[in-house]
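By written order: A, B and C. Residues from 1 in each chain.
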Amino acid sequence: MADHILSWMTFFPVIGAVVIAFIPKGNKEIVKTVAAAAAAVPLILAVRLFIDFDRNLDGFQFIEHFEWIKTFNIEYHMGVDGLSVPMVLLTAFLSFLCIIASWKIEKATKGYFALFLLLEAGMMGVFCALDFFLFYVFWEVMLLPMYFLIGIWGGPRKEYAAIKFFLYTLAGSVLMLLAMIALYLFTTDPATGQTGTFNMLHMFDQANHTGILTLDNVRFALWMGLFIGFAIKVPIFPFHTWLPDAHVEAPTAVSVILAGVLLKMGTYGILRISYPMLPDQAKAFMIPMAILGAINILYGAFCALAQTDMKKLVAYSSVSHMGYVLLGMSAMTEAGINGAVFQMFNHGTITAMMFLCVGVIYDRAHHREINGFGGLGLQMPLYTTVTSFALFAAIGLPGLSGFVSEAMVFMGAFPVHQTITIISAIGIIIGAAYVLWMLQRVFLGTRNEKYDDIQDINSREMFTLVPIGLVVLFLGIYPMPVLNLMKVSLNSLIAVINVAG
Amino acid sequence: MVIGLNHYLILAAALFLTGAAGVLARRNTLIMLMGVEIMLCSVNIVFAAYSRALGDMSGHVFVIMNFAIAAAEAAIGLAILVAIYRIKRSVNADELNSLKE
Amino acid sequence: MFVNITIPNWSDFAHFVPEAIMFGAFLLALMGDVIVRGRKPVVPFLITLLGALAALYYSFASPPVGDAGVLGSLVMIDSFAGFFRIVFSFVAVVTILFSWSSEEIMGSTREHKGEYYALIALMTGGMMVMAEARDLVMLFMSMELVALTSYVMAGYMRNSLRSTEASLKYVIFGAVSSGIMLFGMSLLFGMTGQMTFVGIRDALVANPVNDLSMLVVLIMIMAGFGYKIAMVPFHFWCPDVYEGAPTPVSAFFSVGPKAAGFALMIRFFFTVFQPIVDTIDWPLMIAILSAVTMTYGNIVAVKQTNVKRLLAYSSIAHVGYLLMGFLLLTPGGLQAILFYLLVYAVMNLGAFMFVSAINNSIKSEELSDYAGLGFRAPWASVMMFIFLVSLVGLPPAAGFIGKLYLFTEVLREGWYWLAIVGVLNSVISLFYYMQIARAMYFEKVPEDAPAVKIAPLHYVTMALLAVPTLILGLYWSEFKAIADQAIAGF
């Protein structure tokens, strides 16, 4: 497995899904065990990747490169750099924990776990692909399991949420498709001297762009196509309306994946594809992007303040936190971009914790109304501790990982967009407000006697939450393992942009 | 007056429009089928006229083929009409509305 | 007068083996149906099935080499024709196999059920000839052969009002549009004095005709082709016929005659108009027709509640996509059309077959009766889902690759607005295709839902279509090469 580590990580879950499909009906425990095993292997491989990854090397590592469709110049091309390794780690980590968190799924168990594994494969593929076509295939393949996971196992308005999610993301990705075809048509393959290649590395090199790709207005159109495609995924205001619906209706584990990994694909796409392929446009789009980031931060935070459904609150807090990522990216400084990518990683872990916590209480009380609880701190002490930890991490309490990345984002963005950064900082205060207000209403105050015999968090749930908590705590105290991972790659990305600008 | 190519073409065009009007305006499917046959006849006149004017026999070949096909089409059309009449006792196009949005 | 006409001789028929097999199967099946009487028409079924299989095998094993104009240059046997022989014989094999277990076909009270199989054989032969015609006479004859056969097949359930009504509408619309087309052809003959496509082209290049009359002729001829492929505004028959005809027949119609229409259209327009494509605003005309066709098909499909009708409108939308490849009559665009036709044949046939297989059990094609099918008939539903994904054009299904090639050609030729209209249409289509998926998977199984039993033969045929739908989405080099080869022979 060491030779083709990325392929094994991507396709091992597929093997698991196929095996699950052939397990006879009724063997739910076997299905779950197989699913956990199939998700554990990528996690082990991801740790291996984390150890073996050479932090001082610029460029892609663990490359796998084969011919696929020769006539259309499509290749099977996988590789990782400092930008993708944290995302791969996050995906493997959260997928495994989500399988454990889904242990109580009773409805169509086989289908659920098979689709979940396919989803994991799609996500892994997106983060590893270096061929634009391959990237697009993984990007789209991921939508199908997600559609079903929301639509079959979701809440009361699942059908609406599922199709809305599907339509929004497809609308974005078809624009990306057109941009991809245009890039394909007018990029020269240096090996043959002919135009027409899906190899991202060739597309990165501006010298290979020919024909309409050298025209400014075309480049702007391409940038906008790609940006809207990715913005819908992030989601950036005003394309965010699918997110609260999808989150509220999706089962807990799916929400975790949605917030923890899927949203990162949008910003990952911008950094992986838009920035290096169209650096001049990226530079020109700095200010609008920063403004969009600020809008996301403030709009998300204000909406979160108004929610009475815990899950919706967490969903809007994701919108707000992705705004920090956008703000950091738009600065194009070392601290800004490193902070943005680190924030992507941290938001993945912290939001996952929050959604898992909401899932715990929903399993017991069967509702998520913030005002329906009160004084839970006495009834569920252990649960209260864990949830408070997650919520404080979301605020960005010093000592926890969210603080480091947010601070980096602000430090990176301040010299470039002073006013915008100052306005965005208000988001932190509102963030603290909605989190603390929810904490107060749910865990403190008069106790709701209805929930006197409620069970405290059990050991399986602790098993999913504690590892994430440890990561959050460790990275809050000592963030260097992840920061070192991405520094070299991101700095060379910044250099590319600054040369073009 | 010498009857030339143009006269034949005008006759054909008039026939064609008559046939088309029959199909569009009448609601009796039998008449509609007759309109179609008139349209096919007008085509025959054009082919025959041009064939004569250009001195090329292939137009005549086409006319003969067209006869055969028009006859086959009429036969099938009438057979279907009979089948419909057996079920519905009507051949009015407006009453044939079992298939709709 | 007869200088250039070569008299056909028997050796010409060596080029016609698949067609001869299909026509032979037609005659034998008719005779077999009369001679051997039984509850089920075993003999015609076997004859046509073996015939179609033999034709498929022959088309694969010995594709035409070079380009032979035979029968006094009436037809052209080249790799283009070879490509369509494969497509049509494959479609015939699948349809024949599928119809055997279909209640609509075999359960009807009609006598002489064997005629059905004979007609499929006849139509398949006719479609093959359509792909080979290179002369106005042959163009008309082959189109009418296919059309007349299809009128009869649409009205196959002659005791059913819906079926006969569909057939009557088909006849009237078909006859009118072929009348218009014939009139255009007669004028074209008058302008050029030629019957062969090549002759017409040379005459048009040598003595250019004025643009207006050329446009009139073009539009009249387009009416005939537009009817055959169900292009807006000549599509009115399509939803009615697909809904009224027996489902296996609709399935056959939605891919067979449509592909044949495209084949003939490609050969005719590519040969005749390619040199003068710019003088008649051809690209703009096709771009508008394409955009209107796909948008109309998709938007109307959104509000359908009958799955067969929904698929009918979706097939109109797909014609719009296919027309995108027609823009500049470049080889690349035509190759994309051919590949998409191949993909479309497989996936659309599959979707219709599913509808038919379900209709066998629950006697309904209404979307509301599909509730919970994903749990009542899991394997069939999974296959249907593959077809639907492919029809939307999502990877990893074949439909995505087909669309990818079409969009690539449109962008290469610089028609950006058309490409944007095209992709947005894909998004609209997602909505209604997923309506079917939603009914199958997201809705609860009703208490009184009838059990769904699917015939083994239906599983086999659907798998025969679902597997290629997936394989063509992941590895398609060889198949695309066949399509490329077909155009390269022009």
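Just so we're on the same page, contacts are C-beta pairs under 8 Å (C-beta built on N, C-alpha and C of every residue); 3 or more make two chains touch, one makes a residue touch a chain.
Only a predicted model underlies this, so the values are computations on that prediction, with no experimental measurement involved.
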_From the centre of chain A, which other chain's Cα mean sits the farthest off?_
B
_Please tell me whether B-C or A-C has the greater number of C-beta pairs in contact._
B-C
_With centres defined from CA atoms, tell me which chain sits nearest the overall protein centre._
C
*At what distance in angstrom does the C-alpha mean of chain B lie from that of chain A?*
65
*asked:* Please tell me the distance, in whole Å, between the geometric centres of chain B and chain C computed from their C-alpha atoms.
replied: 26
*How many angstrom between the C-alpha centroids of chain C and chain A?*
43
*Hey, which residues of chain C end up touching chain B in the complex?*
1-2, 136-137, 140-141, 144, 148, 151-152, 155, 158-159, 161-162, 164-169, 171-172, 175-176, 179-180, 182-183, 185-187, 189-190, 193, 195, 239-240, 243-244, 303-304, 309
*Which of the residues in chain C end up touching chain A in this complex?*
375, 389, 394-396, 400, 404, 407-408, 411-412, 419-420, 423-424, 426-427, 430-431, 434, 437-438, 441-442, 475-477, 480-481, 484
*Touch list for chain A against partner chain C, complex*: 68-72, 108, 136-137, 140-141, 143-144, 147-148, 151-152, 158-159, 162-163, 166-167, 170-171, 174-175, 177-178, 181-182, 184-185
*chain C-touching residues of chain B, taken from the complex the two chains share*: 9, 12, 16, 19-20, 23, 29, 32-33, 36, 39-40, 42-43, 46-47, 49-50, 53-59, 61-62, 65-66, 69, 72-73, 76-77, 80-81, 83-84, 87-88, 96, 98-101
